[in-house]
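Presented below are the structures under discussion, each in the form of structure tokens.
Note that chain A is present in both complexes that follow, paired respectively with chain B and with chain C.
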Partner chain A sequence: MTDPVTPKTLPPHHLPPLKQIGKPLRRVDALGKAVGATQYAADFTMPGMLHAKVLRSPIASGKIVRLDVARARALSGVACVLTGADLPDAKLGTDMPGQSGRAARTGSDAPVLATDVVRFHGEPIALVAAETLEIAEAALQLIDLQLEPTPGVFCPEQGLMPGAPNVFGTDNAVASYKIRKGDVEKGMAQADLVIENTFFVPFVEHAYLEPEAGVAWVDEQGTITIRVCTQVIEHFRTVAKALGVPQNKVRVMGTMVGGGFGGKEDVTVEIFLALLARATRRPVKLVYTREESFLATSKRHPFKITHKTGVKRTGRITAAEITMLADSGAYPYLTPYVLLYATGMAAGPYKIDNVKIDSVAAATNQPFTSAFRGFGGPQAAFAYESQMDEVAKALLMDPLELRRVNYLKTGDTTVTGQAIRSAAWSEECATRALAALGEKTPDTPDRKVGRGFASYFQSYGRIMWFHDTSRAWVGMELDGTVIVRCGVPDIGAGQSNSLCQIAAEVLGVPLERVSIYSTDSALTPLAGTSTATRQLYMSGNAVLQAAGVVRASLVKKAAEMLGVSPEDVDLADGEASVVRSPGSGAARASSSPSGLGGGMPLADVAARCASSGLPLAHLAQFNAPFTEGLDPETGRGDIWPDFTFGAQAVEVAVDTETGEVEILKSAACHDVGRAINPAAARGQIAGGSHQGLGYALMEEYVVKDGMTQTPSLSEYLIPTAVDFPSTEAILLESGTGVGPFGAKGIGEPSLTPAAPAVANAIADALGVRIFSLPLTREKVLAAADAGKNVVKPDRHW
Partner chain B sequence: MTLPKFDLLQPSTLGEALEILSTTQNAQPIAGGTALLVEMRGRKAEPGVLVDLGRLGDLHGVAPAANELVIGATTTIAELLKNPHVTERASILRDACSTFASPLVRNRATIGGNVAQGSPAGDMAPALLVLDASIELRSVRGKRLVRAVDFWKGPRKTTRKSDEMVVSIRIPLSQTPWLSSWKKLGLRKADAISVASAAVRLSLTADGKCEGARVAVGAVAPTPLRLAKSENALVGKPISREAIAQAAAAAAASSVPINDVRASVDYRRRVVEVLVRRALMEAAWEVLT
Partner chain C sequence: MGGADVSERKITLRVNGRTHEVSLPGHRTLLEALRDLGHTDVKNGCEKGDCGACTVLLNGRAVNSCLVLAWQADGATIVTNSGLGTADDPHPIQTAFADAGAVQCGFCTPGLVLSAKALLDANPNPTEAEIREAISGNLCRCTGYSQIVEAVRLAAVRSLKGSGEASHRGQSATDGSHSPSGSRVTGEVQ
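After this line comes the complex of A and B, so read on.
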């Protein structure tokens, strides 16, 4: 028998030789951040600027019996106090046109300010703008708010029970999905063994470095302009709708974002700022404190997930029956979509012929939940990868071997019947990640060492019935430099840089010659959201198209100037030169002597294009494939454009007396399709892994009876730089993705496998599984106690 | 929230500072501010006057004398960490400093501040307890030395009167060598508040008899605790795994921890026993093996 963790040779594939793509070039945004020159949203000030504060509900569920702001309005230095009564129709539009598996439900939009009832601890009730922050805070104290507590819903099961207090709609059900594939009863009957387990994951806070912030003003044309850190500058439309103004009278100027992770995908400060700027006709600034950021913005969804898996002795899975219950919190926000993602990925990267999945999300009087890196995928993966190891254990089978029998391959279909069209290198990724762990660390008396891994698949690009589009403008200046204009919000993941590197590649210039203008809803072509691991895929393709049109002009003109046919012209290093192409007699020697490399400077070519009227700039639109939704009864249909596949493996040491878990080694292998900038791709994997390991071991936003128990970074712990070792990133490049140059997405996928890998490693160390995140010291200690007499199976890795 | 309104006074002599404390209502000394400013921002403390100790040079630094080490109250944790006298003569204090918060906080936070704040989880306290340290308080009324075991009175409560200031920590130096060990369990590796901590010091004869023992724990009672029962389990006997186990069990029995978002009563009581045992085993390791 061969060593099971020796990776196989990868299938042959041919990536074209590239000059700018695939190189770890210094990111265009790196220097400004390194020297502290980059301006973030809270850094901006304007003359005459007011400071805003938000009054928030101190309770989770209640009636507003009195809200009197007269004394606050009368305070010297207060410019404006707004309550829901001042803006009767202002709703925070949550777009759910039919994706919820039900018809769009009325009442799904959260009020901008609560008027009659409050539904969660921290719900906004009133806005204040004042000359100073201190006055604004003092004004909040002068608002007479009286609340009458009402019975609340504090877990989703309770919310779905008949007679539960009403939080949303008539039954608190925010969304639900059904997936039916094959015949699950028949599949279970064919099984030699049926294994059922239930898994739990908690609320999680994004905890980015930069709390939400913005400055808004009304410009000389009456346009409400909002400079804000956001993942979605298209929220100018949401703002316009809430304020009842035309969409072309609201402008969002994004800033460099100090971390988004989905938490800046929904509107945060924008509508508050717009309302106050409109009311006062003065610039207004609003910066959330860390504690307010915790209270005011979304969380990752808690889920309860049950897997019932039928399997043959050979390891072949014959049926999967999965139920999912998610906590939507007080308002729907993006819950219907997150639930869809979790449902569509619930069975993992496995080919299963008989599947039944039922999922539901229920409203509670708890923090509202919405997007968070992975968008339902990490919750699903914790459950399906924990379950795979439990199935392997029941079969006395190696966990890798079990997965090998069941991995989805190219051409196989997912639970909804969507065919996998790109490479599905799950096995290659898992074997490489495991092999990278090297020699196993021995146990010591109080420290048991275990290893685990998790495979995953995760979509990139938005749900296809959103009919997603992106636009980018690329132009060459007369000196041969390049400008990219694209509305992409850069949330720190290298979004702008990747686009520059693509333009540089297509136009044959060094990266230093490319500048980008981004994230302004009025001046840069709209590129859609920096969410859903979609910007490289969508905007990268838009830049590729736009740059291709400019390139065609340059090649045409250069061919004329060089006296060769266009096929013989290459653009590289800022020059046009003649290449010998098959069947052509032309040679490099015939090119212009004025160029550095024997080629003709692109500045000369650009000047000639300009004088002869050939376009040197182009605005391109890239459209994702469009579909029209799933069958509501069977869940059949295509959901996403494509998937990233990968795996992470970890070795842990468990202190059996204290429950402390130390990550000894961590390695992640992902097929990124094509690494546009390998340093940036590795950075994504390092960060995603660290965040995922935090999800595994410590992060939990604790809510008791609707009240936040972890109100600050003192109670809500995120990992520091010294908590975990660096995750070794192994990049595979199948070149089969739908992004530019065959790229897939890695932003969200890099987080997904970390938590189940750790859970599996702890189970390996102790012989006992923990079914809920986070894997706290107390839970691990209890598992260690339970595992004292468990005999562990031998493994090859 | 912004900071509440306060006046900042910056005396240039200790006398001036003590005068301010004796005559001003609701005045609070401030050094690094790593704890106080956070409390003020959360409105858990609202001193009307902050008395900045930054200009009082005589409160700062480590002075080795023949029989004691005098540590100025405004000496930072980072300074203690690299001070050769501390490393040589009070190594357990250095060990406690090495697990204190994070480098950024260590650069600002001071030993006097950590002592005076009176948190049951303060990381200086167990080390100072086992070092038999005293805390020197000064006021316009005079000075007094309070033994560390008598200093902490409850969560955020100490014997310090509002007109008094912690000016130094005095650590007596022993002629005989002591063995020591510090163990801290937090919920992560840096910037972690102790869930439980243990400091131990042992004086052992050449043949392994325990002549002196100090055992102290943090975060498992309303104050940092020195544990006489654990010490009694050790003193006068040959050091052994059994004696150590008894001392550790006594530590758990003496603990009266709380349930909070960080840990449960049961967990704290259980791990404090493990920490005390491990600390004692580590301190006595060469004799035991």
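After this line comes the complex of A and C, so read on.
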């Protein structure tokens, strides 16, 4: 047992009384989007603008034997054609971007344009900029490209075999991890039962509605300026490195992002645009088609995961031995980190003393894989939660009871030995999600009804050895309105709005008096990436700090003006007013100097601050805790700042004649720490759940011998409004997160439990498990046939 | 582009009360024509009729503008989302989308608002199933559709109550932490 840690758990009613935080206010960005006034990256045009297209590899593995662009260059209206030969030194950095000062991993640089060989279907080979899109398209047709196919690697196992063709770099093993905790052999020996299963998950496409787009130009100071939809404006550094120009000569102006989910975390159009704008000295626009968006950008990693679990008859897990194999695709990108996440969360939210995990990611000539909402967590969760139900089944135990015996609690340690410091409300979440399903729907002769749930834990905030930081500037204007400046990219989850609500809370103004300027690498303080469910945590804390300094000025001046001590001043509703400190009697003063309903307008206070030199603006930097990394032999160490815990439960009806699965009910319960905006948090849960249900039942990006088979939204199907019912979102607020006001992160975690919950529900309905996603009709039908003779154990739901 | 009709045609596009006299090649889609004319609230999500982001009202009917050739809309009345209202004077459906938390990244929103408009024009009091059916051609990757369905219902309820003023109040939205069921459509919320 580890040292007992006092949980910071507070029941919600002990949280401070708040005025703006915790209210389901209309998000600051909502109306502009609803009336169609918000501009996205593809909506901008510039005078004299050129249009760009990219020539891409039509095969997955081959040699470039001829690449002649002379005819394309000669076409009237073509301004520029670039190939790898024109850019001998240009490298695309694919390592973790952002605020980290760490050196990039060796071997992580990819070519900007393929020169000698192509390594995946869709790899960029040449760039064209022309007066019109039609001319650019015509020019692509005039490029003489001859390729000679070469043997490729089309599954990760093959990539790791001796003698396999080398995809990229010196080793097809792109990354691997080892975790050793306790003594797994001893733990297995103590077990009454050992259960082993292997699980598979496929490639998945982000399929945000907005394809990648941008416009770039060189400004009057010679700065390459790129207006682009991205989750990472810090890619100005990646662009500078690729072009060999100083970092202060590249500016990224992020636009509102039409969905990211990790797919706009890596560089997309930025370097192509910068190269063409520099070469032509004209503005250049590049917008991917849907098919190009599918071919050109990353996917969620396919994984093969094996769990061997030793368990006592009581349900106590004594040992877990887990192996993971991931497909990294042609270039490394963020694979090493995704694999680390999957490895660190491989055993789930369970306290297991003896653990052995070995994970490896292998290069293939397939689409490259990188960040996707959950970052390795959803794959891990599908495996560990399917396995938990299989263990429960083997023990003839209720699945919730089995988990209850093993759930991690505050103070327990994860597989890497990291202690859980915040609330770990797994049991509460699972119980509530299950209860929300209500009465069970009865079976009909050809429709079997089943129920399943899944628990999970998922980090928020970046890996701690990245030394993550965020900055925000908060200022009050002389009329009492507030401005936030923060480099946060808003990818639709309400990133900007949360910061505004925090500033409104601290400064005591209504939300509509707060404006935000965001996402400009030159003009807004750098806030780091909108990834890793980190912006509320990181930039929220930066805004909290900055606003706190401004508040201190206002309170000090207001106290002087009101003739009271600062402790007796409160800021609310745009006014400063007198409150008595706790224990000193009456609450709010009944009169005030201005005579306006008990308060003094903040505009008056701000004006007096300004005339007496008190700062009305502040730039704050928030630093995440830093650690040094894991021990390479044992995998011991702290990885993340904190974790979110939750669960999702679903009820499904399985048609045993057709294999069709209908989700009848879905409920998800998450401890969000603190819901800064409950409507927005609920939106994250409903949306994340829907993506997770799509992952469960329909989504598979099909790749055959490296070639994409599903290059459109009519072949790669994502959920529509009629596929699934709404997921009921149940928000718990432990107040124990490391974010502002005790918030945890919910953006990524909301997706994680859906797929294993559905898999468990189908297994409950049929008595037979399906071990791979997606849970297609064919697989369900086969399971239904196999299940005809299975006697289901009695479950006590 | 082989076989495409590249001969220019002179047509009139009536968009949001504005009239554009333009000369366009025959293969130009209405989506491309509208965006080139500055109606960038009409979004391009696929150009293949798969996503609904390019939805416009063509003589009152919701269509995917990427599947319509511009000349086919010659003389027709076209309404895009911006034609319904502005931030200063939003259409009640737009207000309902903002109030109900139906807008996340917003890329699907212009198209969804128009599909909702076409539905409510034909059926002012739709059931949840009717709402879902009516918006099933509009993909949204962010919201899971729950708050979109609520927004359409909210717009319907507000308009049935005839409280045009009430719909402009703003700042009201569903409070997820107290909502009895995300799958239930409850209409007016405070």
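We adopt the following convention: the second predicted complex is superposed on the first by the 759 of 797 C-alpha atoms of A that agree within 3 Å, B and C clash if a C-alpha of one lies under 4 Å from a C-alpha of the other, contacts with A are read in each partner's own complex, and residues count from 1 in each chain.
Convention: a residue touches a chain if its C-beta (ideal position, glycine included) is under 8 Å from a C-beta of that chain, and two chains touch if they have at least 3 such contacts.
Owing to the predicted nature of the structure, the values given are computational and were not obtained by experimental measurement.
For chain A, the partner that touches more of its residues is C, with chain B and chain C as the two candidates. Residue contacts after overlaying the shared chain place A:Glu657 against chain B, while chain C stays out of touching range.
Judged by the touch definition given at the top, the superposed model places A:Leu781 against chain B, while chain C stays out of reach.
Contacts of A:Cys669 after superposition: neither chain B nor chain C is touched.
Touch criterion not met for A:Ile357: it reaches neither chain B nor chain C. When the two structures are aligned on the shared chain, A:Val509 is found in touch with neither chain B nor chain C. After overlaying the two complexes on the shared chain, residue contacts for A:Ser726 are found with chain C alone; chain B is out of touch. Of the two partner chains, both chain B and chain C are touched by A:Thr289.
Of the two partner chains placed around the shared chain by superposition, chain B is the only one that A:Gln709 touches, whereas chain C remains out of contact.
Contacts of A:Glu134 after superposition on the shared chain: both chain B and chain C are touched.
Residues 134, 137, 289, 712, 714, 719-722 of chain A are contacted both by chain B in one complex and by chain C in the other.
Listed in rising order, the residues of chain A touching chain B in the complex are 133-134, 137, 289, 291, 657-660, 698, 702, 709-710, 712, 714-715, 717, 719-723, 776-778, 781. Residue ranges of chain C in contact with chain A, taken from their complex: 1, 35, 40-41, 43-48, 50-51, 53, 80-82, 84-87, 90-91, 94-95, 97-110, 113, 131-133, 135-149, 170-177, 179, 181-183. Listing the residues of chain A that touch chain C in their complex gives 24-27, 29-40, 42-43, 134, 137-138, 206-211, 256-261, 287, 289-290, 436, 491-494, 512, 665-667, 675, 678-683, 685-691, 712-714, 718-722, 724-729, 731, 733. Residues of chain B touching chain A in their complex: 1-2, 5, 38, 42, 102, 185, 187-193, 195, 261-264, 267, 270-271, 274.
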